[in-house]
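Okay, so chain A shows up in both of these, paired with chain B first and chain C after.
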Partner chain A sequence: MNKLINDPGNVVADALRGLAAAHPELRVDHEQRVVFRGDAPVRGKVGLVSGGGSGHEPLHAGFVGAGMLDAACAGEIFTSPVPDQMAAATNGVDGGAGVLHIVKNYTGDVMNFEMAAELAETEVVAVVIDDDVAVQDSLYTAGRRGVGVTVLVEKIAGAAAEEGRPLDAVAAVARKVNSQGRSMGVALSSCTVPAAGRPTFDLPDGEMELGIGIHGEPGRRRVPTGTAAEIAEMLLAPILADLDFTGGDGVICFVNGMGATPLIELYVMYQEVAAILGKAGVPIARSLVGPYITSLDMAGCSVTLLKADDEILRLWDAPVRTPALRWGV
Partner chain B sequence: MNKLINDPGNVVADALRGLAAAHPELRVDHEQRVVFRGDAPVRGKVGLVSGGGSGHEPLHAGFVGAGMLDAACAGEIFTSPVPDQMAAATNGVDGGAGVLHIVKNYTGDVMNFEMAAELAETEVVAVVIDDDVAVQDSLYTAGRRGVGVTVLVEKIAGAAAEEGRPLDAVAAVARKVNSQGRSMGVALSSCTVPAAGRPTFDLPDGEMELGIGIHGEPGRRRVPTGTAAEIAEMLLAPILADLDFTGGDGVICFVNGMGATPLIELYVMYQEVAAILGKAGVPIARSLVGPYITSLDMAGCSVTLLKADDEILRLWDAPVRTPALRWGV
Partner chain C sequence: MPDTVDITALHGWIREFARLIADHKDLLTELDAAIGDADHGINMHRGMSAVVTTLESESPGRPSEIFKRTGMTLVSTVGGASGPLYGTAFLRMSAIAGDAESLDGTDLAKLLRAALDGVAQRGKASVGDKTMLDALSPAVEALESAIEDGQPLAVALGAAVRAAEEGRAATIPMVARKGRASYLGERSAGHQDPGATSVTFLLAAAATSLS
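On to the complex of A and B.
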């Protein structure tokens, strides 16, 4: 196991210390493992809280800051945070306008965020993200899994909150983005959880796992490795079949790296994705290319399309200042 | 070879098409393989040109844009661009104030940029980057190799050019940053060049290559894998021994991923680096954590320290708008 870590049991704690040291504009509660905006709670603003198992960095802590999340809870690797963490995050970002929970659809996350909402001392609305078209139910999920759209919801709902919209309106934006976004991923290698010390699954050379989950949970099927063009087709066909992406204001096209895939390959994938969308009559309005929701050291990628409208594009373009996404400030 | 590519011979061309599609604010000359700022040449501004072998993305094309490079030349994987490309880039960014070449110290790059300067139709000054303390000479280099400081030079000299400084002043800033910056890297796995189809070097499980070059060329020595704390010590001791980083305005501390190392591990490394710097009395003024100068799918990291002063910090903080580094706009 060739990893840049100390004790496999301390990876999350060590990384949070690194995050705090590198980003003094954030405030990290190391005991509760919650990363806050330095100026939280922001008076009068809806607070946005997300979180989940670690190992998907920069999601979620890398998206904490002005224009995006107010706090993120870090669980152990691939393990939901506990309700106490989530409640501490919720109370810590309560500026008097209520708090939105952005929850990826995994059973543990959904259950623990529900308990946290009961524990919290403020009004809470939860939006559950379930954009992965690969499988209907999964190892850790009833219903579709939450993957790449989570990044887009955090950015777009974050901008809506920053504008001063009330809780129900911010939640409505988050729900709209989730309902108009679809994703699918592929793994070219397994990841290795530090505490396990060996690959989560076996993937023989020359094969790939189509529809992989972000914890290495099974996808649709094991298939022979293809070219980038073939892989793009395999990822996009189910996405385009699931939702009509034509007739809007184009899409936000997000090609995401799983952690061990270098950027040059993501741009090769992007051009294949763009070519397919061109043929399908789906214009690209904005794009995002890079490792934003990862699976430790898994090789592979996912593609997310979000059907955009004026409002979504305006909120996407709004200023954001976080460790992993920053523009306009 | 589990890579998201089509023909191994077309990776660079495909990735440039992806870059062009994802970033319409750039202009890509696909024949010459030069990526330009969309508004190049900028009248009255010193033009900044860099480039080198591909496989280090986002370096260099991901750093083209306002406040950084005016153009980047993409060679084949780990192979210098040719003088004609560099001359086309130079002429294309000539706004009447001359052009600065930012050249990593590899024999092919240095020679080809020299020939390009002779071919170009404008005044050219070259600054050669040689910040890698690992080895004195190397497989492709006489003298020290150019690595992480290149990113910092491109940002800081880019800001100086954007301010309207003349060519000699922009070159002086670039030379100052190079002279005050030091780097060293480590590989936990080899990279695989697509056209070769097999790892560039053998690295047995449980060993790492200390002082690795960004093309997989040998470093100082092969050593057993250590903890993040031990690795940070092995990287920082030669850097701190080579230059006195105390007594200034702190350092810009850059922890770079080699391509296959996920962000969570880079933050673990960052906290160990920060702890060592704290003990050494070297304050951190700014930080950068992520994969910015990579080696295809190599696992590992490098650490770069730049001794800062008021001018360097002000230029670092200045607005930048490129695919890979963006703030303030």
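On to the complex of A and C.
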């Protein structure tokens, strides 16, 4: 398979050098593999730290900047960063108001962030994101995975921190967004981890993995592919069954590309999603369409709905200036 | 041969574990690809290579120091779930080893029992969840009962390896309840657990190097 890489073992380091070169407003610690806001720590502001395995770009480093994250830790591909990195990020963004850890619910990420919080020299509150409705029976699993809602939490909690709210209040906003958001994804192809050199799983033509995560792990069910309209139905049915999105102030509707699916297909999906929501009586208040939380070169998409209210919409609309999300500035 | 494990033997244990991981890196990654995220061999190999380098340059002289350097290095270099789990296992062994200059069979059983408890706590897992505990737990029990029966260390470690191998095989039909494999539900059955596989190498390395 042809790839734009030098050495499969250096992909993460090389990409961080590229990010630093393209975005001089960020400060990259190449030793620890932490990307900081150029002006971190911001005095008196709650620091927001996230991180995770690489391969989900632009998540997380692409969301570092004013109005969103203060620092992001990059692990190896699909592998949680280590506690030393997270502790360095935490201490580096501590402006005296404490630090919020935004942690996707994966066994490794949760354990490493726990160990990092024990090492950090400031007050840390962790919010664990678990929005993936594909994981049904949480009693017998590691719990729901953190997927699309992570992007929305980073934006909305980031805006709350930028307003100068204290740590508890920023954490409460993050938890609210997590509890009101749901996601479901589908893979039309596997992905290839550079160091492994071949696709993680085989997916024959005409079949797709429904309920996919973001690491090339197989989904819950393999089903025949369908039209965009049929796939939209398969993704939305479990989301709408899991939480009542009707009434209120509508939803933020996020159609996310998994990495190899072109934007034109994501817009085809978006109109199908919008049609289904229209019939279900769920008004769309805001939208986000594009590859924001990816799985290397996997084809496919995920749909995330966040039940909105005045506060969420106001924080969503607040200015943000990061490599991957930028508005109002 | 007297049943005393000296510092040279412990260095040998860690090096042998690193060698087994290196030799079976692709197997571990393949097992992980089936039910996880295809990186267990890569991550453990990176971590154990770093451990070997650290131990060569620092050459710690006490059992507790060897285990501490090993645990800290694994936590800092492996990532994923394996880093905190293996790291915690070695750090717990370090805490139990205390000031001892060498270990006997009873000490070794206590160390591995502490490692087992540490892994269970950090991972919030139990036997039967299709994790490394399914190999480590029966191995520790076999080691403890052989030592209690007064068996020589070589025999006791042999029994521990056999118990680990049986535990590893027993993970094949299990439905995973922890870690990424748990997202597959019933589809995780029919595959051997990669963590149970790598921890069996840890015990096999002990049997080769410590007796």
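Keep this in mind: the second predicted complex is superposed on the first by the 323 of 329 C-alpha atoms of A that agree within 3 Å, B and C clash if a C-alpha of one lies under 4 Å from a C-alpha of the other, contacts with A are read in each partner's own complex, and residues count from 1 in each chain.
Keep in mind that, in the parts below, a contact is a pair of C-beta atoms (placed from the backbone, for glycine too) under 8 Å apart; a residue touches a chain by one contact, two chains touch by 3 or more.
Predicted model, so just to flag it, every value in this text is computed and none were measured.
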For this session: Return first, second, both or neither, reflecting whether A:I264 touches chain B, chain C, both chains, or no partner chain.
Result: first
For this session: State whether A:R175 touches chain B only (first), chain C only (second), both chains, or neither.
Result: neither
Exercise. Looking at the overlay, does A:A228 come into contact with chain B only (first), chain C only (second), both, or neither?
Worked result: first
For this session: Of the two partners chain B and chain C, indicate the one touching more residues belonging to chain A.
Result: B
Exercise. For A:R314, is the partner it touches chain B (first), chain C (second), both, or none of the two (neither)?
Worked result: neither
For this session: Figure out whether A:T107 sits in contact with chain B (first) or chain C (second), or with both, or with neither.
Result: second
Exercise. Of the two partner chains, chain B (first) and chain C (second), which one does A:A196 touch, if any: first, second, both, or neither?
Worked result: second
Exercise. Can A:M115 be said to touch chain B (first), chain C (second), both, or neither?
Worked result: second
Seminar exercise, completed: Listed in rising order, the residues of chain A that touch chain C in the complex are 53, 75-84, 106-108, 111-112, 114-115, 134-137, 140-142, 145, 193, 195-196, 200-201, 213, 215-218, 220
For this session: Would you pull the chain C residues touching chain A in the complex into a rising list?
Result: 29, 33, 35-39, 42-43, 46, 75-85, 122-123, 175, 177-180, 182-185, 187
Exercise. In their shared complex, at which residues does chain B touch chain A?
Worked result: 2-7, 11-12, 14-19, 21-23, 54-55, 57-58, 62, 188-189, 205, 208, 225, 227-229, 231, 253, 255, 259-272, 274, 284, 287, 289, 291, 294, 296-297, 299-301, 321, 323, 326-329
